[in-house]
Amino acid sequence: MEVLVIHGPNLQLLGMREPDVYGREKLDAINARLKAVAEAYGVGLECRQSNHEGEIVDWIGRSPERFSGIVINPAAYTHTSVAIRDALAAVRLPAVEVHLSNVHKREPFRAHSYVAPVVWGTISGFGPLGYELALIALIRLLKGKENAKDEGAN
Amino acid sequence: MEVLVIHGPNLQLLGMREPDVYGREKLDAINARLKAVAEAYGVGLECRQSNHEGEIVDWIGRSPERFSGIVINPAAYTHTSVAIRDALAAVRLPAVEVHLSNVHKREPFRAHSYVAPVVWGTISGFGPLGYELALIALIRLLKGKENAKDEGAN
Amino acid sequence: MEVLVIHGPNLQLLGMREPDVYGREKLDAINARLKAVAEAYGVGLECRQSNHEGEIVDWIGRSPERFSGIVINPAAYTHTSVAIRDALAAVRLPAVEVHLSNVHKREPFRAHSYVAPVVWGTISGFGPLGYELALIALIRLLKGKENAKDEGAN
Amino acid sequence: MEVLVIHGPNLQLLGMREPDVYGREKLDAINARLKAVAEAYGVGLECRQSNHEGEIVDWIGRSPERFSGIVINPAAYTHTSVAIRDALAAVRLPAVEVHLSNVHKREPFRAHSYVAPVVWGTISGFGPLGYELALIALIRLLKGKENAKDEGAN
Amino acid sequence: MEVLVIHGPNLQLLGMREPDVYGREKLDAINARLKAVAEAYGVGLECRQSNHEGEIVDWIGRSPERFSGIVINPAAYTHTSVAIRDALAAVRLPAVEVHLSNVHKREPFRAHSYVAPVVWGTISGFGPLGYELALIALIRLLKGKENAKDEGAN
Amino acid sequence: MEVLVIHGPNLQLLGMREPDVYGREKLDAINARLKAVAEAYGVGLECRQSNHEGEIVDWIGRSPERFSGIVINPAAYTHTSVAIRDALAAVRLPAVEVHLSNVHKREPFRAHSYVAPVVWGTISGFGPLGYELALIALIRLLKGKENAKDEGAN
Amino acid sequence: MEVLVIHGPNLQLLGMREPDVYGREKLDAINARLKAVAEAYGVGLECRQSNHEGEIVDWIGRSPERFSGIVINPAAYTHTSVAIRDALAAVRLPAVEVHLSNVHKREPFRAHSYVAPVVWGTISGFGPLGYELALIALIRLLKGKENAKDEGAN
Amino acid sequence: MEVLVIHGPNLQLLGMREPDVYGREKLDAINARLKAVAEAYGVGLECRQSNHEGEIVDWIGRSPERFSGIVINPAAYTHTSVAIRDALAAVRLPAVEVHLSNVHKREPFRAHSYVAPVVWGTISGFGPLGYELALIALIRLLKGKENAKDEGAN
Amino acid sequence: MEVLVIHGPNLQLLGMREPDVYGREKLDAINARLKAVAEAYGVGLECRQSNHEGEIVDWIGRSPERFSGIVINPAAYTHTSVAIRDALAAVRLPAVEVHLSNVHKREPFRAHSYVAPVVWGTISGFGPLGYELALIALIRLLKGKENAKDEGAN
Amino acid sequence: MEVLVIHGPNLQLLGMREPDVYGREKLDAINARLKAVAEAYGVGLECRQSNHEGEIVDWIGRSPERFSGIVINPAAYTHTSVAIRDALAAVRLPAVEVHLSNVHKREPFRAHSYVAPVVWGTISGFGPLGYELALIALIRLLKGKENAKDEGAN
Amino acid sequence: MEVLVIHGPNLQLLGMREPDVYGREKLDAINARLKAVAEAYGVGLECRQSNHEGEIVDWIGRSPERFSGIVINPAAYTHTSVAIRDALAAVRLPAVEVHLSNVHKREPFRAHSYVAPVVWGTISGFGPLGYELALIALIRLLKGKENAKDEGAN
Amino acid sequence: MEVLVIHGPNLQLLGMREPDVYGREKLDAINARLKAVAEAYGVGLECRQSNHEGEIVDWIGRSPERFSGIVINPAAYTHTSVAIRDALAAVRLPAVEVHLSNVHKREPFRAHSYVAPVVWGTISGFGPLGYELALIALIRLLKGKENAKDEGAN
């Protein structure tokens, strides 16, 4: 079992600029953390970052050839990309949406996500820890340790 | 360190009615799971459920006397209760919002949360597992294993 | 077969204040009328009134243990309570919504009902008679004298 | 005393097409049921159906010459006809609005009724039984068995 | 030169019902007044009333065969008929829109007119006198006593 | 009997600039036309123009000391001045609103008038002729030749 | 196999008025073109035009007695007729919606179609050619040369 | 004469995933069908697919160097790309917009197209056949067999 | 004469948490101040606080048995409770609404009050002093020292 | 210490017209009342009225030269004047907004105030008494008898 | 060639109050800067400031008698004055709109400008330098050194 | 000091197509003009154009390595790209937004800019001259000749 982690636009800047806003942890450190989690579960992991909506759509379109699930932080494209939503819906891989910040504390347009209705679930506001939780959730749900039937309505 | 878990309206019905929608797991089973997680981290835990907005507000108002953080699934009150939002904002305890279902796949009014802007973060769509993730996030952030400064902007 | 009648907030004042607006008939009189109808059909009946949203949610949550259907006038909670809606949807008992006044002749916010989409049907504008019609409808539909399949689309 | 029943557009198709949606009962059967109810109350009844907004406006405009009240299912014109609303408001005959289906479970535009604010009350969601209830309500209110003063505000 | 006067739905009831709302003057009396005005200007006049949107569209479509201009009170169709708007735009006859009442003192939906953007001008709120003013305006503008070029921007 | 005519902002430019938009007739010529109409009816007339909202409010506030009615083209203040609306409502003099152009053919914000709900009626789209019609309407209604009771509902 | 073509309001004026807007081709010529196409496919064809919403609803209601599919240009009723939408949905005949002009280049209210969600597909902007394309599409889909299963999601 | 066909994001997945939604026909098969149509008309054809908004904008910007017209299915970019709209408007090549599915049966945000107001016409809901119709329309209009002047207003 | 003071949700926390936001004065101190004011006017006073919407509705419903007027700070329920609004409207006791903070400087949803249209007046932004002003206003108006007829329109 | 009282447009008419709406008390009487209050507190007072937005902006701009605080009833300009808001924000004098009537019982547009977010607090609905309360509030807060820090959040 | 510079409401306070918000430069200093720029280009300049919308409308109305272009900072009237917009549109002098601050970083209502659609261009966010840029732009465009034809579409 | 100039989508077409809309000046000529301005100020300059949102985000993300400020015409991405906004906000380089045309004279969706709230200022409507003004503003502000503190509030 292998999982694809997709970091959206501007996340290459993590930890390098404005540590008060983006935190001090670089993207590589987050990816290393995720690899450790994946290894602990015996799951493969590939991490990619792109500022290009089209490239992210390409990756998702080809993902079923190799991956069993997707962890995605669509960043700015969360709010503007129907193409990423359609790609996720088309490949039908289990996916989890992550946001570093609590989007509900920011500009109103960030409260709307085109991606949320086509993923399994969403985790926002926990910084880098959120990625770990997302990966754990994805793996546990994929491994059947969690019965999808037990997902509730509230 | 002790954590308060609050289950909002109708969650007493979990697992007893409509297992296809609400899952087969009863609220007691979820609470047992959470106790196991808390124990693993050496943290105390109290789980409560109420259908009364005012009672939830009472609980939050008194929570700083005893608790270090709150995990809350406000259920239907997510979308209608300014009082719960104000209570959380007033006591200023770290809090995490959980939803069993992916609220973005349901009626449009469920996409708006009065509570989200006053909590640390939100987890939705993972069924009972979401509670576990919320509790882990709260404990790890409280224990300082995660530096709040490292929470980012996306 | 037993039916639960729920009167929402402020309906305890019926007939005692402002007879020009609320009519001269007290809530007890309405309940008496409903008992007469129920008896005529050989059906049990219990009438309750509460100003507490949470208490109404409690009642609905426990209703399947004893009742076959619900007649509810959610009054002010019609327009603000997702919790009552979710309770009705969760227990899946046949339910009928009643309003004494014609809500469409009043403030615009009264035209929206959170409850309407989860009940069998709605009756509004006929004063106390509306309760009788609601009870008759519920009983006849429950008794299978009316084929649910024959409910149409317009 | 005579009552006019008006069936709006497409109701001529009742029972003949899509019984799963429209029910299996034909319009004639509904009219027969209504005649039985009217006879039981000693009231005359005339049932008409039209797909023409203008014809319905004509009928309402002339109705006071002969009828004491109107039962109307405006169907699609519920949502688009100011002309029918104005006709009902102009003739000032007591009127009751019926809908076979629960309009609140369908497309959002069906939740708005131009007619509702000018009728006595509305009954929706009970299939053909709704017509019976509407006729009973109209007759009882007209016969003064129900004191209009007793109609309340909720 | 001949002018067509079109009275929209429910105007056949003028003067016969609710004189406090609709005034005491019958439609025939208004038509007689208009004939007097037309004669004074040496202009022919034909007055028609219909409750049928389609019939009004028919009349407008054929109007260029005989008429030089149109005075129209679209009544309820003002707010709902794109078909009448399109008919007036298609035949390109000079037209004037009249309303007996001041539509801006009534329900908000009456403030919007589909017809207004395709007529020369609108007169509302003056009761039957409004028709006379509309006819005078149409005739004077048609007779070139008023230079269309002199119509201003405010 | 004396009538006050108020021309709103920028109308001092009439006929001097952009004759294709504003027409070729100057404001003085329009005032002269109106004087002729007033004389024919034996009515006094005073015409004023101001670009100052406050000055127009002053004039309206003092108008009952001398005038029996008001013809007003509020021009740009139509869409933005609650103060002029309140002044007209306070003095309760009969008033008529005029617009040279058909406001419904222009920018959407011009379709809303703060003034319309507090005047007797509105005339728009007929250029300078509109002023004449407005004055005639005001005088005739004031002189009782038209019975206000006969103003209808459409 | 026979197809019904319905031309909505004002289309009787095609080619006779405003050739720059409506084109120079009369409705008869369009109908002749369509007959040629139908003959080439060995399909019967009947073309009707009406300005009456109710008449169009009548036609659609009776269409299954004789026709296998419908080509409809609802013209102005596109934007205002729930009755035509409901008729098409009730009879469940395959239908295609045509518009001569590109409705997206015109007033904003023309961008909304009540009819579009209940037809197979929509063709707009190609003038009379659009009717031919609509007829070809309908026939090919009906003849099974196109597998409905092959209709995609974008 | 040569025509450019542009397939937007995720259309490379056609026929390979979710045949119940996207149909069983692959993009290559559709392109082959289009080549056959083009050949029958003696017209050259080039088909391209991209998930990159910028690449599609590049293609459109250079298209006048070689192509006489464009058939475009902007897929997800239909609803979000002002850049593609501006490119089409800038090069002023005749263009036709195609959608495989009936966008009006899907999420509300799919009812809005940034592209529609700058193309000749739109065809949606006919699956792969829609591409053929679009190509035929484009070629016939380009070849002058259809007089653009004959495009009408409805 | 006795007055009921109702403090809404979370106000039990006043002065105990976040003095920079809520001020340093505890609820008891405010109540003491109000008692002093009441005594100075020779008026009885009872102060209550509740986080339960239903309890507040209960209190208001029973208030006419003992009180002549109500001072209420509905806090969070200001924005969400139709039930409190209906209770105040039903008992028809003179009431005054108070807010400690200036609600117009906070989140937009706080600018809307369900309660404001059914009270005599509103006072917001003056901290604890606002309660005193509200009580003085209520007493003076009740004592007839202020003529209700002298309340103006601006 | 001196306080400036500003009465906005149409308030010069107070007590002279429509006593049922505006009350019987003239503006001079209100000013006299305010002088008495000010004297009791040993504070100077100047009362001004203007119908001119610009003049009010002038006054506020120069107010810091002489005054310590402002009581303002912006009347109609409440809802339309960004200039008065900006003036109050620029001079940063403590200010209190008063309205004679309860603006929430009137037209919806009166519920919005441009001024409220830049003043200390707002008092509405108490007629002339409201001015007294506003002046008392301003003086007490200015005199430091009330600690601004004690202004709360609800 | 002479240019008129108009400073809108509250700009007389520049540099005197709140230097952190409004900057330290007084209006006179800005005017002096602008005179220097104008002299360098051999252009006359007159600078005026007013808090009165009507006075600004007066100035614009008379400006063509003497000026070739206008630089205007409408300040608060940007968002509320249709009269200033209409004046600028009527005189048709080239005009440039300036804002000291970046209006898009402030309250949402400041993002809308009534003036922008009738001026040549807008400059906002550069403080006093913005006035210089605006004057340079106006002079260069007026002097024909910039070809208006070269103004592009993006 | 070096400045980066970014031209957004479709600007490569400048001067080559539709000179009446886009002007006759090619992008190279604009860049040459800007180089001349930069040289006059002794500042380095690099000009780039891209149709790819992701590429623009890449450039901005790397810009602090070499550039001191950015001049950007985001063209179509102005209205749709949160990613470009986030990139500008992340790197925190001073930036100026330019638009060739006056966006407020075009389609309503062009009035909204995602970019404007994160740049120093915006210049629109002056054609190629606008770029020069933007560059001058950026350089002068960067060189400290303009004190950022002097940027005002209007």
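Here are a few things to note about the model shown:
Think of it as A, B, C, D, E, F, G, H, I, J, K and L in the order they're written, each chain with its own count starting at 1.
The rule we apply is simple: contacts are C-beta pairs under 8 Å (C-beta built on N, C-alpha and C of every residue); 3 or more make two chains touch, one makes a residue touch a chain.
These numbers were taken from a predicted model, which means no experiment stands behind them.
Taking only C-alpha atoms, you rotate subunit E by 180 degrees to land it on subunit F; that is to the nearest 5.
Residue numbering at the subunit F/subunit J interface overlaps only partly, since under half of the positions present are found in both copies. One simple way to say how far apart two chains are is to compare their mean CA positions; for subunit D and subunit F this gives 46 Å. One simple way to say how far apart two chains are is to compare their mean CA positions; for subunit B and subunit D this gives 48 Å. The distance from the centre of subunit H to the centre of subunit I, each centre being the mean of the chain's C-alpha atoms, comes to 63 Å.
Annotation for subunit K: residues touching 2 or more other chains are 8, 10, 18, 22, 52-55, 75-76, 80, 86, 154.
Of all the residues in subunit C, the ones that touch subunit B in their complex are 52-55, 57-58, 61, 64, 80-83, 85-87, 90-92. By the touch criterion stated above, subunit H contacts subunit A in their complex at residues 8-10, 12-13, 17-18, 22, 50-55, 75-77, 79-80, 109. Residue ranges of subunit E in contact with subunit F, taken from their complex: 8, 10-11, 14, 18-25, 73, 75-76, 99-102, 104-105, 111-113, 116-117, 119-130, 133, 136-137, 140-141, 146-154.
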